[in-house]
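Labels run A, B, C, D, E and F following the written order; every chain starts at residue 1.
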């Protein structure tokens, strides 16, 4: 089992074999994010991505109140976004663009991570929470979650991933425009109905349990198959069916040479649980 | 407040600050469209698009019977589509293609419009009604609406936008193929279930009221944030996540330099309603 | 009416005018597929695609147990996929890639087929069943259907179409990742809720009846309109709205020159059933 | 023959059957462009595009000094681009973006024009001259032409088409980066060598003569074939080979139904000059 | 060495190890193509594509007069293209589209072929000759070759590949528009200058010799490396750099596991000629 | 002026204001690359990219013999690429893919760098040299340069960028296939003729001088204009003209708000050299 790395704003533990639990760990501030945090989050996922000891990751927020309340507006207002610069607007745009691109990249680390990421969401899940959740692969929610694409309420269009990923997660532009233009709060049931989350559970604890059960199930499968499936679905989202098929064919021309296929088939015949070499 | 322009087939009014109401105004013919009408509709939306006095547009149909019953087949049958030309089939194809391209462009004016468009739909909403509704951003429906992708019933594949936009609005190709291949009528509840509309209301009046409430809510937000959100979601629909993120970063490098962010944050702290400069 | 061709693993019949019924005909093996079968399936659809006597195709599985239980793993394990070759891994990858590409092409024959294909699904519908079903245009299901994207359970990422097509059929990546990463069984009701199937019926027989009713309805429409609608929706799935509109305009510049429009309009006025020339 | 329309800044004449000559007509200012001019240029090309009397267009600049010296910086500096606005940078960005998009659209009218456009270039051809020339289909040049992608010298990146079209016209990004980053002047011979122009002629007069000879040759061909060729090459530039082939197939499914094929083949057999119906 | 298959219109021989020579064999008709020929040509390349005995293919035309004079217009005029059908224009369009798509697919067999194809061109190379040549990987030409994109001269836009592939082969849209709109003859030197051909040789015999020398050189390299290079360059042409890099990474994750790398490096160190296992 | 950072394999100096000189500094091994080097090269360019003190970068190789002889095959053969692993081929493919993706990313750092990069090339420029050179913006060459896309000679398809970028740099697929399939050496003159390099100079020293002159010229321009031009040309390469125009419009909506425009115009009027604020 992997050594439990230490991070400042994230707790990374290994509750089960091959399952990592990444907890946003700033409960006293409702897990609100500032720049140091998202930079650290990228390091967390970049580290777990190739680790042979990790097959699935559960991402949740510490404390009872929030997955994350989003951007720490106070910190941000003292930082780059509103810094009164003397340079002209074009130069300020360059500074802002570099800042956004790096911020986006930190969130994209979740999507880029080779291992499936299950977000277990509860409480407030505002603004950046949706950017983060939609970069994950599967989302489970407690009944009390209060989601919002909150950005228009602070005068900006969501730019760290929500507008690019949310419509492709739920597949419905009408609903996305509704919530993104109004910034209205919506609950777990609505999130389930539109397909933003795959399951709703009574409490945060039950949500986490469901997330770990799901993680354990996925972790018991061939990592070659699981990681290939994540990659191919992400590719497929951004390409035509024909390009999807072609890429899949090339990908599997190597992946099908795994011993896992024989292990899996043999275990099924023997009605045993297969074991798979690390990846 | 903007002067109330006069149009022949559309009534354009301003029931609230920053909210325009565009009404298809040919109730005696169930708001059926002929060429002069769609050319005029383009002028309406091209005019409202950059107007600083408009932040949201509600689009509805006059009268109790129909949002629009679609193409005025009688007018069309006397016009271009079936005109017995002496020229060869290739030349007729050129004439038809020019005609379709211009017709499509008139409907695309709704999508191209910088301001969110809320379609408030009731009664018959057949054929062209779906082309128009899916070019809008949000759709609300009265309980009595009867939708149909009617085109195959008059021997043609829908070509003014439905086949390109409807699947991306609802995100489900199976259902779209079902309704587009059968031309069957479907009701407001089914439209809600598949996500074609965001809400269903008892009557036309309640639908309009809901639309104006939604419009008022959106109009109270920063226009920089709202118009950016519309643009970025439309771009995102037609591009990969990566291209979406990049475009968003460039867009917001200018947009984040708005005073609206400070106004919005300050108003929130003060628990007041922010006001935003015209755009 | 077309002559009833003979196939080894498929029964092709013409229960109604313009409607072909393709039945996977290996009930004693739960309609499991081996290479000879998918090659034959391509021949079936390539034959029906341009046939003027066929306007709609219903695809189902023989017997009471399964639409298809998927890949005949036993046959496959004696065949290419696990053949212990002496050549190096790059050369084995070439062999595998050629194999996958041809296998994909056999399933794509359903999508490529000019005529709408309605899959009537019952019983086990595992693995390859989902590849096949998502290449069809509309899916109806019996209440007893047990679906699964089964591939990860045998150590591989689904590569014959599911990962490219399933998300675009249902429009929801979160749900697809859930079922594709866990390989869990899901039922007809869940398939209906996410939009994988358009209707659920009590028994296999009632499902088939619904499929034939739907087929008859579609077959009564203009074949120019119906086949154009299938083609344009498939194109639209893989292109931007703008490219969709342009392609549609060019397509219809020829298609609108059909006599079917006049026939359809005239029949409607006369409240008669129109007849359309073969295509 | 078409009536000779009157424009303020453009002279439009018909020196030969089916050939229009569009002359930028502000020789005293070296044909420098201001906003009114590019709006008028769009009207010119939108008018010629569908005209059955026009099969080819020659575009040139009046006077001996310049095709066009580019943007009339003086006029621009009094206009939108540098207007000291009181609104915030985001709002100014909106104004600028609308301005650029409309300006681009005026130049794109040349590309969008259904008929081939031959640019006959001489003298100064700076900045906007390259935007315009690369929107044309074929470019011929006098020996004295002095080209430059001049924009960086006035502190901006070329935004009216050059950076999007020039690399695709010449196919070489290295050379384009060289001239676009340095804003250096280059001559007709260099333009010929990299393929920006197809021919270099001693004087402006000989260039125009060559352009009219080429125009006459193209005008003698089937307009169905010529206009299809322009459209298909433009589509091909922006799409994969596979999408190019598919679009071509659909386009020609109508175009091949022209009588021009028989006329052309028959005339060849008879060694006569074919005549083709207007389009 | 592979058995020398017999074809009606093509001679397929194996002049050197791993090199196939495909000769268009209808010299008495200047190698003009009719439908039976292009269908056969597809069979030839589909057969050679996976053959382990073939690493490079040289394609040339029999006789002294022509690579191919293009479409056999006489045969075509008796066939599908101009058949006077009674069906409406939409139905004729369907027939034409099916015909074009299949014709395109026959030419695309050359591009799809896993092995590099070197076209050795001489004499007349008109119309279809350019479709065929641009589907090949490398083109060598005799000094006497007379090329033309001839299609507009018979009233049609080239639709079997030239308009999609020629601009991407030479990278210059200006020149392509010139030759495609005028149908003018151009010679080997011009073809060399614009990059359509890679070398020009005095006679047909010397061209063939150069082609076989080039083929022998390529055939001496690792087939894993050579076939990967062809595939990756074709993919790259139709995708962004980023998608190109990604696809390359996945492709080479299998290809780098070849023994050929060690064989090649070892042979270089030993200054010997490496040998590579069949592929 | 920026502090002169110290690197192990690269010398980074600032010979002129705003111009950085990056020298590959392993002359005793002909500047051959091993993993530590390309990781370091990424750090170099990531550092220079946002530095306000740098406006242009010249990249060259130390010593008289080589820009770089490419991959240090000896080092590589002891490293990842050929490591005899015990894991199955699918797992080895994962390791290789991660390795390639990171290697590609190191080279892409040059393209990603916001400032133009001029490669000054001399001597041997084999394999990886072409990957590196084509990621730069402009290439100048000494007369003695010996280029080769060398990879097939060691049994692999070039995977670090050449196959994705080289064809787009030169715009000619025929020539690229020739050199990539044969691995043949080609000289500076051929590189100039096909547009791979923009200039050829007698010696390495003269090449460097030309590079610094070009760098000085570019460094004297507005950095807002120059960096925008690089970005927009790179975007344009991978997108349609329409997407290029749109992105350009959004980019320039911020960039045109620079003071550089006024400075540039004012300086021109005054016939002085403008100065521009840092960026």
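Just so it is clear, contacts are C-beta pairs under 8 Å (C-beta built on N, C-alpha and C of every residue); 3 or more make two chains touch, one makes a residue touch a chain.
Heads up on the chains, UniProt names are A, B, C, D, E, F = Enoyl-CoA hydratase/isomerase family protein.
Not measured: the values here are computed from a predicted model.
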Same or different residue numbers at the subunit A/subunit B copy interface, by half rule: different
Pair from A-F, C-E or B-F with over half of its contact pairs in common with C-D: B-F
Chain centre separation in whole Å, for subunit E relative to subunit A (CA means): 47
Between subunit A and subunit C, centroid-to-centroid distance (C-alpha), Å: 33
Per-residue overlap in subunit D, given as positions that touch at least 2 other chains: 89, 92-94, 168, 170-172, 224, 237, 239, 242, 250-251, 253-258, 260
Interfacial residue positions of subunit B with respect to subunit D in the complex: 50, 87-91, 93-94, 98, 224, 227, 254-260, 277, 279
Subunit A residues within the subunit E interface of the complex: 239, 243, 247, 250-251, 253-254, 257
Contact footprint of subunit E on subunit D as seen in their complex: 116, 137-139, 168-172, 195-198, 214, 217-218, 221-222, 224-226, 228-233, 236-237, 240-242, 244-246, 248-258, 260-265, 268, 276
Residues on subunit E engaged by subunit D in the complex (per definition of touch): 73, 77, 81-82, 89, 92-94, 96-97, 100-101, 104, 108, 111, 151-159, 161, 163-165, 167-168, 170-178, 180-184, 194, 237-239
Parts of subunit A lying in touch with subunit D, wherever the complex brings them together: 89, 92-93, 242
